[in-house]
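Right, I'll just put the structure down here and ask away after.
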Amino acid sequence: MIMNSRPKEYCGIFGVYGHEDAAKLAYFGLYALQHRGQESAGIVSSDGREVTQHLGMGLVSEVFDEPILDSLKGHIAIGHVRYSTTGSSLLKNAQPFLVQHGGLNLAIGHNGNLVNTRSLRARLEDEGHIFQSTMDSEIIIQLMAKYIREGFESALIKALGEVKGAYSLVIMTQNKLVGARDPYGFRPLCLGSLNDSFVIASETCALDLIEAQYIRDVEPGEIIIIDDNGINSLKPFPKVRTAFCIFEYIYFARPDSNIFGNNVYMIRKGQGRQLAREYSVSADLIMPFPDSGNCAALGFAEESKILFEMGLIRNHYVGRTFIQPSQSMREFGVRVKLNPVKHLLQGKRILFIEDSIIRGTTTRSRIKSIREAGAKEVHLLVSCPPHRFPCFYGIDFSTKGELIAAQNSVEEIRDYIGLDSLGYLSLEGLLKATRMKKEGFCLACFDGNYPTEITETVSKYSLERSD
Amino acid sequence: MIMNSRPKEYCGIFGVYGHEDAAKLAYFGLYALQHRGQESAGIVSSDGREVTQHLGMGLVSEVFDEPILDSLKGHIAIGHVRYSTTGSSLLKNAQPFLVQHGGLNLAIGHNGNLVNTRSLRARLEDEGHIFQSTMDSEIIIQLMAKYIREGFESALIKALGEVKGAYSLVIMTQNKLVGARDPYGFRPLCLGSLNDSFVIASETCALDLIEAQYIRDVEPGEIIIIDDNGINSLKPFPKVRTAFCIFEYIYFARPDSNIFGNNVYMIRKGQGRQLAREYSVSADLIMPFPDSGNCAALGFAEESKILFEMGLIRNHYVGRTFIQPSQSMREFGVRVKLNPVKHLLQGKRILFIEDSIIRGTTTRSRIKSIREAGAKEVHLLVSCPPHRFPCFYGIDFSTKGELIAAQNSVEEIRDYIGLDSLGYLSLEGLLKATRMKKEGFCLACFDGNYPTEITETVSKYSLERSD
Amino acid sequence: MIMNSRPKEYCGIFGVYGHEDAAKLAYFGLYALQHRGQESAGIVSSDGREVTQHLGMGLVSEVFDEPILDSLKGHIAIGHVRYSTTGSSLLKNAQPFLVQHGGLNLAIGHNGNLVNTRSLRARLEDEGHIFQSTMDSEIIIQLMAKYIREGFESALIKALGEVKGAYSLVIMTQNKLVGARDPYGFRPLCLGSLNDSFVIASETCALDLIEAQYIRDVEPGEIIIIDDNGINSLKPFPKVRTAFCIFEYIYFARPDSNIFGNNVYMIRKGQGRQLAREYSVSADLIMPFPDSGNCAALGFAEESKILFEMGLIRNHYVGRTFIQPSQSMREFGVRVKLNPVKHLLQGKRILFIEDSIIRGTTTRSRIKSIREAGAKEVHLLVSCPPHRFPCFYGIDFSTKGELIAAQNSVEEIRDYIGLDSLGYLSLEGLLKATRMKKEGFCLACFDGNYPTEITETVSKYSLERSD
Amino acid sequence: MIMNSRPKEYCGIFGVYGHEDAAKLAYFGLYALQHRGQESAGIVSSDGREVTQHLGMGLVSEVFDEPILDSLKGHIAIGHVRYSTTGSSLLKNAQPFLVQHGGLNLAIGHNGNLVNTRSLRARLEDEGHIFQSTMDSEIIIQLMAKYIREGFESALIKALGEVKGAYSLVIMTQNKLVGARDPYGFRPLCLGSLNDSFVIASETCALDLIEAQYIRDVEPGEIIIIDDNGINSLKPFPKVRTAFCIFEYIYFARPDSNIFGNNVYMIRKGQGRQLAREYSVSADLIMPFPDSGNCAALGFAEESKILFEMGLIRNHYVGRTFIQPSQSMREFGVRVKLNPVKHLLQGKRILFIEDSIIRGTTTRSRIKSIREAGAKEVHLLVSCPPHRFPCFYGIDFSTKGELIAAQNSVEEIRDYIGLDSLGYLSLEGLLKATRMKKEGFCLACFDGNYPTEITETVSKYSLERSD
């Protein structure tokens, strides 16, 4: 997938219980999960009595420094990284979200998107509740405050019982750590251990970094509560089919992570191998768009025996405040990030492998720059089917109008991008590469079958726009 | 080569004459040359009368923003990116170095290292000259000021005639752009054109980014003066043998650049192919350390037919202000940057390809983390000979004491790093891969034969330490 | 009063309705009220639909700049400046406090201190309300949210009916401006007009600055609601005696303001004149501590015919981040702010006039420095009675333990400070200078008679400490 | 004098030798001299071997903090505060100016303005010297570098012998402190002691602050060198008449300082008394513009027996980044800084005393605001003669065109400002108040008689404009 038009995942979450350097572990855990959100980062920690929070806009490495981490004392911590695509890029929407309520400190970090926030919020406001943010995650906290007189566990179950949609959560109080995953299990969440402490993270790459041992995934519909009494698993909700987000395999998760029971790198290589079985292309060499197409391209090369090259050189120093070229310098932008090795491409038939195409604009610019570098033919194979439907569970493909495949045939897309040929992996081929059953996945972005009812306009900014 | 112990190149330089957006072109040019120096960046521009300068610590994208670039008016500009390894990381040592002298504005950007600065500076101070910095580049400006009454061209030739060592230069006045390269041609420098304007740059990748056409290299010993009268080439110095820095091919230059007459990507693939001819290793898969070993590993895989994998996943969000793990969390640092795909490595015999080893410490940490991920055997081949001698011409291998190969045998290094086997490309093999004559290169870091006399202690900080 | 041990007033408030530059007027209004709070500043504005907020730590001139003010669009605005003395110096406690609730935007700025917040907060949390801050002002908003279904006006009256203590308030919604003052009228609040717009401010000096005309004071117990229908006055609460804070006259309010029906400068001159009638001191010259004692010293000089001099020279550039002298340089601090003109004092008998003494420590340092400058005798007269009791209505004399007069006789204070003589204005003399009735004032800091019941520990940080 | 059109003094200087906390003393000394320059501040210190420098834009309290002061180690320090009125507000023009030259560190802080810099600089550049700044102070350093082979003392005498104009200097090397004053003694400079250490400062108020004892003034034409051998006084230049800047008495120096042999407060009171002898005004009350007219107004009141009031209330929180009112809010600016107590002025005949009028614009705005506050008559007396000529010795009255009295009669000025009457103190009266001889002063701003030849255009920015 191309950088600029990337679908935006809301976040990555991390929690630790029982380690003297809890906040530092959270820091490293978030570092490993940075690919899941680069807009804001936050950590809340507790030493059993006092709770400390630090949030900031920017990368984990920008938001935290040594003195800040030192101030986040205690043996319990949760952390969160977040991305959002529009005007909501405000610090007050950064997480973990923390409130003091009565004697209780309650913090939450949320990955996923709820689909019934609008009606829940209206009902609570009617009852006098004042909301501090526009995040759907605050609904869970407000519901817990409403039921808290019945006890923590009961309030938690009642609150989660009322929300609908996708959530993988870490929740924290002065002396508890909670991990929870919605009954469909849209987003990944795993449990690990580090000596005597427990760790919860969006992906296993966060466990690897801190040398924690993977224990098992938090199961769909499961609530895990960790405190002085040890670890306690609750499964209070009726069992439903799973709806694992297949796009985590295709694009989001890091290749070194294992999610939904498989290693991501291997799945992606399998997609590439499968693609080679579905398409036969006469090409002199095969290249990925770094780094998104790497695994699939390796799989394709292995299967097809076409020469694999890395002829797009990446500039590792591209800052985020990139200055736009003047009118007279258009098209520099593409080459700033990736410059083709002209020598390698000149007069050659090149096959590119890409993990997905969302809007197609960046792919188009890149292909143009490849042709200008002297390639004779340019072919592109995509290691998943065309994206035709928006996601309501936490991946921002923006509106349907922005999905090029929602409006255009493959031939039209090929023509727009300027390719000699274009092919997509079939849905069957994709599933074959995962070696899992179709029914276990959410495939809504490809086939429009949403696992939950969608009654509200559940754009993540719907709450705000209604103000 | 491993990130932390990278040899440090002083800088990249760029110049443009005759373009309405000269400073913006310089900005993009420096962007493309950022790999040559990440510590400070600067641009000086002129509209024919007024000269403007902006310098800053940090990356090009951090130092400049739109309003700053807008303030750098004019059709002439030179730019500079710099790295230094010690306490000299001061803004006053950033370049381009600019002085007003009489009616003249004189700015210089320098890549390389002079070897007779100490005696020159002492002589000039004795004559009443006050130095503003500890950069050897200032010597050239002070010498020019001394001779300027004889005219610009004469002062330039006299000044360059007195300095010894490595220099590729861009020099600018209100209405002139100069490119110059020392008689040995240690560092690369090329000339290009963009419509009616001329461009000078350390590497051709900077021309590619701004879509300039490559004309030819600035020749060793050549001075090119560009002004209203057009372009004028001077060769005032006696001709000597060339001494191209072979380490530019091995490590420094970007693979998409052509320098010293060849494409860097192709040279590096050739090194890998040559390595495969010199060593036969029984391995299940071959992997580069990204991105330093990529080209050589591809060449090795092509020649050896061993399966090529990219099993070290890079974290693209590693900030520069990385927080050190606590005592109890040692060794996290390595995995923060590169995490192995355990699934891929477990029980396998892995062959790594690396472009060079300087101190060996980071390689050691990485190999350790590979073993912990479950690899059965770990082998390493290096695509150049062992580094045994310091460089006095602008590459900072630090002192000889820090070069692991200066003090240890290959077997000792293998043992220190913790490898099953270790091999280096032979010097003959390296030269074979370049298809150029041995006599044209500076190979001093491998064989200790320095092309120029070395009488002073020419560590780049010698000036400072003597204060 | 001496700078370092100043009693700390919580804040100044300002509101405007119906002016195209509402936020800019608020900015200037806060500028004029800056003496009432220097820790944080904030403005909330509305154009009838959209509500915008900006808060910051620091002075008005530091918190706002041109682009920020431009972004605060609309014809309605309220502003707030705040001081607090301890750890609560957090941005989240800055005001105006703004919430979105249902379709309603509700902002509040509060001057004064409530005395029943603890019990009210406990009750509301029990009902599921989540508090965002530790400010007592939030209680009013939470109460309004609770009753809002009954309509805005009703909710406002019910909320204010439940809180007890001192409050002068500005409240704002998308399309309303409210000014309100507690039934005792502890803190001042006035109403003015500027062309067709209405202005509400803590003191008339804010009206002067923006050239608004003073209409009248907001009366004790009055609620003024301004919207499209014009101005509407409500007096829903039972009438009680007034309890004007006499310390506003003595110290807080600016001399150019008129409050509680009189001009402050004139009142203070009157205190000085009265002091001259109560004490006869043989002195060569009389001096104020600038600027706190200016008015009273002028009145004293006028009455006593003793020569008035301004022999303490003020350093106008004293920053707030003042660096402490080393051990070997103690006592510099005092002279940094005020340096005596030695020439003037040498061998003289000096009479100082001061508006009040709280802890006495700074006065002591100053008197010491006067003696060292060569004065023969040093006398001090204070233009109010000794402060013996803490304030629960918004002035922070800290705890009773810090009030020097709560623990010591006048003779002991004279001795501690190091004076030749010390005298305080009598309570009767003070009242005489105001020409108002004793019963209309809160004199609790002098006589311990608190106008309201004090059942809770109402230190302003009590809420926080209980967390 | 009115704030906005203040003549701008270049700077204040301070030096200390032999104190363990030299940099901290310099910090406090500069604090006391802040009124002489608010644009930049700097300190250079030495421990006998290593020399450290810190410069910054802004107030002393903004430029320095605890860690910075701690880093300025050693027992010798010089400091400098500076003001400049135009585009030269650059950090590179901040002082003390420091160079490394050969083994020598040479730093200089300069108060005053040279009048032959242009020809000196041209000559030095011709000899190959490169200048780093546009400050005339650098000329002295460059001249010293030229002669340094003849020894430090000789180089210093030769350098000072070549420059013409006004200078009070502190100069420092690793192990020496120098104080020097030009032969005319335009600017003040004094010598003091603190235990075993020596202190040099622009004004005695800096000695007071650090509790140093005043020893004597550095004499006109004297060079004082302090090092391990003690204190050494040189008087190498031919004796000329003194030319003390009378404007230091009238406006610049702090009233608590003693300069040129007298106390400033007393001189200013004398000016006021003399004014009362020269003018008889029927007024109800007399007021100063704070704080500039305070002393003279007290003197006038004492002599005339008219009631003295302080009816303009100063806002102590006026920031330097003041936001301009909108078009519809003009004239707020004046009242932001000083608000009249209306109550006091209404229906009264007011006499204002001001120390000087330069351009008259701010005075005009103020008088307008006084009239709007209700005064019946407004009279103004100025405690010096009209300013008719520019200053070339370090006070920036800007060009002659900006001096209102250079172009207009007193009657025209009265009319422009909008006064009922206006009077200036006579030159004879001014001299009488000083009790010193006319010949000892520079009175050029009043009578146009410049003590030195003025051949160059010596506007302080002439050097820059010529670039």
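Order as written gives the chain letters A, B, C and D; numbering starts at 1 within each chain.
Here is the rule we use: a contact is a pair of C-beta atoms (placed from the backbone, for glycine too) under 8 Å apart; a residue touches a chain by one contact, two chains touch by 3 or more.
These figures come from a predicted structure and were not determined experimentally.
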{"item": "Most remote chain, CA-based centroid, reference being subunit C", "value": "B"}
{"item": "Rounded Å distance between subunit A and subunit B, as computed from the means of their C-alpha atoms", "value": "37"}
{"item": "Centroid spacing, where centroids are CA-atom means, of subunit A and subunit C in whole angstrom", "value": "51"}
{"item": "Distance between the centres, which are taken as Cα means, of subunit C and subunit B, whole angstrom", "value": "63"}
{"item": "Pairwise touch network: line, ring, star, complete, or other", "value": "ring"}
{"item": "Pairs of chains, among all present, that meet the touch criterion", "value": "A-B, A-C, B-D, C-D"}
{"item": "Subunit B - residues contacting subunit D, complex", "value": "99-103, 122, 125-132, 141-142, 145-146, 148-149, 467"}
{"item": "Subunit C partner contacts - residues on subunit D that touch it in the complex", "value": "20-21, 24-25, 27-28, 31-32, 34-35, 38, 59-62, 64-66, 69, 205, 208-211, 254-256, 258, 263, 265-266, 291, 294-295, 298, 302, 307-311, 313-326, 328-329, 331-332, 335-336, 339-344"}
